[in-house]
C-alpha cells in the first residue's frame, strides 16, 4: 500500500515536471532546474542515510568533487567528447574517495556519531583545500566559464534543453535507486540497519554492503555536481563546503528520510523559501535554517510529508 | 635550535587550547553519548565575552572571568532546551545541536555586527628565552591552560562531584541506584565543559580576530582530539591533544595550514581504523 | 557414519585477570544433539562465543571440520555452516516474517531452496506480519526458523526457550529432536524441564571448567552436579 502510494507520487511528480515548462517563463524554468539538481544531490544522501541509518555530514564533498573534476576535465582543451569524459570522472572520483573513506571507516567498525563527525571534518578540509589550491581551483572565487554539456558536437544549453536533461536524469536515477532499495540488496541493508551483528551472523558482509552503498551514493552526488557546474557554468568552494553539506541534510529531513522522492520535494521547497527569505535579508537565512533543524527534530522527525500522511490516516480513522 | 623551541612552544599553545576545548566534548561525547555540534560556539561565546568586556573598558582579566561564565550559561540553556530531550536519539541530537550552532553564530552577528572584532592581549611584546624570543602572551596562555587543566584533574579525581561524574560514566543505572541524580550531573557537567571551552575562547581571542564562525574550525579538531585519545577520560584528552596539536605544529612549520589540516585528518582516520577505541585503550583482544 | 564436526582442544579464555574458561576439551559429531548447562557465571556464554568464533581463545584451538575458526569474522563463520540463535530475540523488526527468512537464506554460502521452515516453526500464517509486531514467543520461533533457514551444519541455540510457556518448551524440545536429523545442535539452557525433555548428551560447566559430561539421566542423578546447582560447591 505504502509502496504503491510512493509510485503514484512519483508518477504525479513526473506529470508536474512535464507540464511545468508550458506555464513557466525561462527564468522560473531555470530556477526549478537548479533546484532539481540539488534535489538529485539530496536523493544521493537519502539513498545512504535512509537505507543504512548512518548520517554523512559531509556529502557536499562528493557533490563538489564531482563539480571540480567536471570543470577541470571539460576545461582541458583537446580532449575528445569532454562532457562524457568529464561526467565519467565526476562519478568516478567521488566514488573512489567514498571507497577509501568507507574502507577506513566502515570496515574499521566506525558507525553512528563517529562516522558523522569524520565526514563533517572531510567537508571542512575539502573546502579548505579547494580554497588554498587556487592555481588549479581558482581559490575563493572558483572558476568561471565551465563549458556547457556537449554530445556529439551538439551543445546542450538554453533553459529548455537543460531542464529536460535534468528532469529526465532525476527520474531515471529515482527509478533505479528505488528498484535497488526494493531488491534483495535493499532488504539486506534494512536488516543491517536493524541489527548489524545479527545480519553478519547470518552470513552477510555488512561492511562491504555499507561501503558499496556509500560509494553508489557518492557517485550519484558527484554526477549531480558534474551536471550542476556544466549547466551553471561556474564552480565555487561553496559547492564543496560544510554549509551545503548541512543544507542537504535539511532537504532530506524535511522531505522525509528514506523516501527518495521526499528529498526532491524538500530541496525544491526549502530553496524556494531560502530565496524568498534571502531577498528580504541575507543574514536571516542561516538563522532560519538553524531554527529549522531544531524544529524538524522536535516536530516532524520523519519529515514534513509524514505529517500529511499522519493527518490523512487520522482523517480516515475518523470517517471510518 | 631556535626553530625547535618555537615549534615546541607553538605545539604547547595548541595542545593547551585543544585540551580545554576538547574537555567539554569528552564529557558530552564520552559521558552522555551525545554529539554536540554546537560545542565550537562555546569557544566563540567566550571570545566575544572578552571583546564585549574590553569594549566597555574592562580589562582582559575581567574578560577571562566573564568568558567561562557566559559560555556556561549558554551551555546550560542548550542542555535545558534541547539536549535534555534528545539523550536517546543520537541523530536528532546531531541535527538539533547543529541548528543551535547556526542560531548562536547568527545571533552573535546580529548583536555585534559583521566583521572580525579585535581583542587586546594583557601583555605585549616578546619574552627572551635566550635560545629564542617568543610572544609573552602565548607563554602566559600556556601557563593558564596548564593551571586550568590541573584544576580540572583535581576536580575530577579529588572531589565528590568528580566521583559522581566517574560513577555515571562507568554505569549510569548503577549510579541512579545509589542515589546520584544523573540528570543533574549531566547538566552540571555539560555546563562545566561549556565553561571551559569558553575559557579557551578567551585565551585564543587576542591571537586571532573574533568572528561568529571561529568555533567551527576548532570543532572538527576537538572532535578528533577526543576520538583519537578515546572519549571519556582526561588522560585520553591530553594524549589526543598532544597528538593532534603536536602533529599540526610540526607540519605547520613546513606547509600551508589547509594541507596540514588535511594530513592531520587523514592520520586521525588511520588511527581510528587501527585503534577504534582511542590511543590509550587497552581493549584490542575483543572483536 | 558421523564425523567429528567441531573440536575444542585445551581452550582457555581469560579476560584480564579473570579466567572465564579453563582447559576445555570438547567435540561434537554431525547429526547429534548436545545440551550445555551450568549455574550463572559458569562460562556458558563464553563457551558459545568461542564456538562461534566471536571470541578467540587465549590458549587452545577451535576447529570446525578440521579448520581453525578462532577469531574469524562473523559472516565467514556463518558461511562455513555455523548458525546461531541469540539469547535475546534479535529478528529484524523493520522486515516482515517472510523477509526475515529471506535475509537468513540469502546469507548462506550456497543459497538453499525455499523450504517449509515457517511451517515447521508454526509461523506460516504470519508470513506478512512485521517482525516488530510478533509476540515474544513468536519471535523466538522466528529466530530458530532463521537459524535453520540457511541449512547449517551446526546450530547453536542460546536459551531457546527463554520466555516460553511450558507447552511451547515441550514443543521446542520435540522440534530440536526432529532437526537433529539434518544438523548438529548445541543448546545452552537454563531451564531444567527443557533439558529433561531433550534428554540427550549433556555437558555441565562449572567455574569455567568442564565439570561433567554424560546422558541427562546420569547427570541428573549426580550428587556433585546437584551441589553445584545448589551452590554447595
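Brief remarks follow.
Should a chain be cited, it is by its letter among A, B and C, assigned in written order, with residues numbered from 1 in that chain.
Just so it is clear, contacts are C-beta pairs under 8 Å (C-beta built on N, C-alpha and C of every residue); 3 or more make two chains touch, one makes a residue touch a chain.
For each chain, UniProt lists the protein as follows: A, B = Branched-chain amino acid ABC transporter permease; C = ATP-binding cassette domain-containing protein.
Note that this is a predicted model, so its numbers are computed, not measured.
When C-beta pairs in contact are tallied for each pair of chains, A-B comes out on top. When chain centres are taken as C-alpha averages, the shortest distance to the whole-protein C-alpha average belongs to A. For the pair chain A and chain B, the distance between C-alpha centroids works out to 32 Å.
Taking each chain's centre as the mean of its C-alpha atoms, chain A lies 45 Å from chain C. Chain geometry summary: the mean Cα position of chain B and that of chain C are 48 Å apart.
Chain C contributes residues 52, 73-75, 77-79, 83-84, 86, 90-95, 99-100, 102-104, 106-109, 146, 150 to its touches with chain A in the complex.
Interface residues of chain A facing chain B in the complex, by the touch rule stated above, are 53, 55, 57, 101, 104-105, 107-110, 112-114, 116-118, 120-122, 124-125, 128-129, 131-132, 242, 246, 249, 253, 283, 286-287, 289-298, 301.
Residues 184, 187-188, 190-191, 193-195, 197-206 of chain A touch chain C in their complex.
Interface residues of chain B, counted against chain A in their complex, comprise 29, 35, 37, 82, 85-86, 89-92, 94-96, 98-103, 105-107, 109-110, 114, 216-217, 220, 223-224, 227, 256-259, 261-262, 265, 269-270, 272-273, 276.
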